[in-house]
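Okay, got some structures for you below.
Below, subunit A partners subunit B and then partners subunit C, in two separate complexes.
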Partner chain A sequence: MKLSLSSVEWNAGSWKFHADASFTPGVHLVSGRVGSGKTTLALLSARLLQPHAGAVEYEDIRSYTLSFQYPEYHITGSTLHEEAESYGVDPSAACARAGLAGRGHEDPFRLSRGELKLFQLSCLFMRRWDLLILDEPFSALDCRGKLAVCRSIGENRSGIVLVSTHEQHILPKTDYLWEMRTGDLIFRGPLPEAITAWESAPGPIRMLRGQGVIPANLTRDDILEAECRMHE
Partner chain B sequence: MIEIRDLVFRVLRIGHLVVPEGTTALIGSNGSGKTTLLRLMAGLARPDSGSITVDGMVPVPGSAGFVDEYPDRNALFSRLADELAGPLRFRHVPCEEVDRRVRKVAATAGLEDHLERSMDTLSGGEKVLAALLSALISSPGILILDEFDSHLDYDSLLLAEDLISSSGARTVVRCTQNMDLAAQCGRVIVLHRGMVLHAGSPEEVFSTLEGTCCYPFSRRAGR
Partner chain C sequence: MQDARIRLISLISLSIATFLSVPGAVLSLVWLLLSPGTLKETMRSAAFWVILLFVTIIATATQMSGNEGISYFIRTGVIILLAFSVYREWHPGEYLDLSVWLFGKKYGFDIGLAVEMSIQGLHETSREFSRIRSALSLKGLQPGIRLIPAVGFLLIHTRLMRARDQADLLATRGYRAGGSCCPVFRTTNRDIIMGILAILVVFLSFMPVRDIFILQM
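Our next item is the complex of A and B:
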């Protein structure tokens, strides 16, 4: 199972995106400054954008999906029940998974943004995907929602999971680290080795790194353990 | 100062709450009513009953700088330069002054080379920065920020914090899920199912949240 971006280029005016990369099963975390090309990478990988040069190739990938940065972009139903059905999942189970049990009759646009985000992700996570692309899955979620999403990402790690995020504190167990830098996709390597070279690292990682402490991975437990080591 | 009395609106049930001048963080789980409360403070909604006043006045739309949590809902215009200029043009600021201030404020966020870009070509984070600049350009006394920070990387977040702290706004109320940001505010309010669960200094409020995932990393690390 492999996603390959072979000499992929995509241009918007003077801004240029370039990637030469292969993604194999596991969790791939992509970070980078605003406007660096993370969403472009997600759209190209999901084949929702056609590259101006190069090729995006799927090998043994039979099921794939993309979660947009904005959960409101996904809405097609007038109730949560209809919305869950549009994903082909059981509406009651989807509502319960998102902490919205008994609210299937409600208009998705009446939910708070965090509730909507968790509901939309819950619908996705009720199926298994060979390729799961998540663009900013943690935005708008409270910490319990973020931890639930991290667990769900872990449950899908036998496939390829591509996570673009600015999240600073609660991240999934990650296999490989990538960075977007002004349109260029850069492979930083496997964890934890990649942490030392991570330019767009979240604040807590920078703080630990500044104290000479490298966490074993990026999960909350890893950060807490590293923080304890910092005080030893 | 913002004062709320006997407020009932949607999920919100607040007896009495005073938000003093300075920076206040509004935190709480998803669906607890944070956005609803911020919209009331910004004059974008009216309570069913009870009252909310800002410096003794009922807030009206446009009375506060406001950044919506939905990046696409902030934009009124299609071009970034027009989006930034909007609040000044609505106040009939002379064109030359508008142009000067637009260029100046765009430069503070590194967006000076993007002024001709269409808003729909900006990334999510760039849209949020544009919304923040648009809210700040008319130097509002009250700034209401609805979780804009979740769209920003760490360096952009530091930049945004500098812009907010140097804005001159007397009162800043911000909703966030970043507890390290909340811990830097002068005051923290915790909403739970529409009611105020805690309100006080960061020390007071976060001492009640120790051991939960809401406890700020900075407070653990700085112990």
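Our next item is the complex of A and C:
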């Protein structure tokens, strides 16, 4: 199972995107600043955007999907029940998973953006995907929601999970680290080795790195464990 | 064309010329052909072709009922082409500058702000529509009549949400009416030439065809 971006280029005016990469099963975290090209990478990887040069190739990928940053774009049903059905999942289970048990009859637009985001992601996580692309999955979520999404991402690691985010505090257990830097996709390597080369690392990781302590991974527990090591 | 003032004058002149006569419409089309880049972009717009299709249907019906369907098709087609081309050349903040330059800092600012927000809204709606189509295809749903209410409701909902946010933002910044804006325009030699040509087209459109092309036998 492999997603390949072979010398992929895409331009918007003077801004240029370039990627030469292969994604194998596991969790791939793509970090980068706002406007660095993370959403473009997500759209190209989902083949919703045609590259101006190069090719996006799927090898043994039979099921794939992309979650947009704004969950509203995904709404097609007039109730949460209908909405869950449009993903082919059990509506009651989807509502329960998103903390909305018994609210299946409600209009999706009545939910807050955070609730809607969690509901939409819950529907996606209830299915198995060979390639799951999540564009800013943590936006609009509170701490609990972010941790729940991190757990669900971990449950899907038998497939390729591409997570593009600028989240700084709560991150999933990651297998491979990538960075988007002004349109260029850069592979930093597997975890934890990649942490030393991570240019846009979040503040807590930069602080640990400065003290010569490298966390085993990027989860909140890993960071806490590394902080404890720092004080030993 | 860089200067929004000359673009506006050109648009008004060419629209009058196109409305007045078929030769005026043909000359306006020639004027548009002088900016092939913009015209090419316009021709790529699906919305342009959809509107043109409706114009063609009306023109055909008009012609078949014994009226001037062909004249209607040429003139309306060119006016639509003009509108799309001018819309494509818009840069953020341009109509605010133009409106303040025309009507002053009070009413001009308000009109300019409303125009800017509307055009920005159109651009955003276009982007949102494209994202919604992608989301539908990811769910394996084909766009069809059944999905029109859902997509329409979604677009209206996102527009209303955006409008509310914008209103809150303006209120937070203390906006009541009017505002301070110093319009800046960049005029190139090409802009001046194109503006003069557009005005010339209006005068030529008043003349009978035989006076321009010496077609009298």
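We take it that the second predicted complex is superposed on the first by the 232 of 232 C-alpha atoms of A that agree within 3 Å, B and C clash if a C-alpha of one lies under 4 Å from a C-alpha of the other, contacts with A are read in each partner's own complex, and residues count from 1 in each chain.
In this section, a contact is a pair of C-beta atoms (placed from the backbone, for glycine too) under 8 Å apart; a residue touches a chain by one contact, two chains touch by 3 or more.
Just so it is clear, the structure is predicted and the values come from calculations on it, not from any experiment.
J.: Evaluate whether subunit B and subunit C can sit on subunit A together after superposition, giving fit or clash.
T.: These partners clash in the superposed model.
J.: Pick one for A:137: touches subunit B only (first), subunit C only (second), both, or neither.
T.: neither
J.: Decide which partner touches more residues of subunit A, taking subunit B and subunit C as the two options.
T.: The larger set of subunit A residues in touch belongs to B.
J.: With both complexes overlaid on chain A, does A:168 touch subunit B (first), subunit C (second), both or neither?
T.: Only subunit B is touched by A:168; subunit C is not.
J.: Of the two partner chains, subunit B (first) and subunit C (second), which one does A:109 touch, if any: first, second, both, or neither?
T.: Second partner only, subunit C.
J.: What is the contact status of A:51 with respect to subunit B (first) and subunit C (second): first, second, both, or neither?
T.: neither
J.: When the two structures are overlaid on chain A, which partner does A:87 contact: first (subunit B), second (subunit C), both, or neither?
T.: After superposing on A, A:87 lies in contact with subunit C but is clear of subunit B.
J.: Let me test your reading of the model: by the given contact rule, A:72 touches which partner, first (subunit B), second (subunit C), both or neither?
T.: In the superposed model, A:72 contacts both subunit B and subunit C.
J.: Does subunit B (first) or subunit C (second) touch A:35, or do both, or does neither?
T.: first
J.: Residues of subunit A that sit at the subunit B interface in one complex and at the subunit C interface in the other, please.
T.: In subunit A, residues 70, 72 are touched by subunit B and also by subunit C.
J.: For the complex, give me every residue of subunit A touching subunit B.
T.: 12-13, 31-36, 38-39, 69-70, 72, 99, 111-115, 117-118, 136, 138-147, 166-170, 200-204, 206-208, 220, 223-224, 227, 230-231
J.: Under the touch definition given earlier, write down the residues of subunit A that touch subunit C in their complex.
T.: 43, 46, 48, 65-66, 68, 70, 72-78, 86-87, 109
J.: List the residues on subunit B that touch subunit A in their complex, please.
T.: Within the complex, subunit B touches subunit A at residues 28-31, 34-35, 69-72, 117, 121-126, 128-129, 147, 150-157, 177-180, 212-214, 217, 220-221, 223.
J.: How about subunit C: which of its residues touch subunit A in the complex?
T.: Residues in contact with subunit A: 128, 131-132, 134-139, 141, 147, 150, 154, 157-158.
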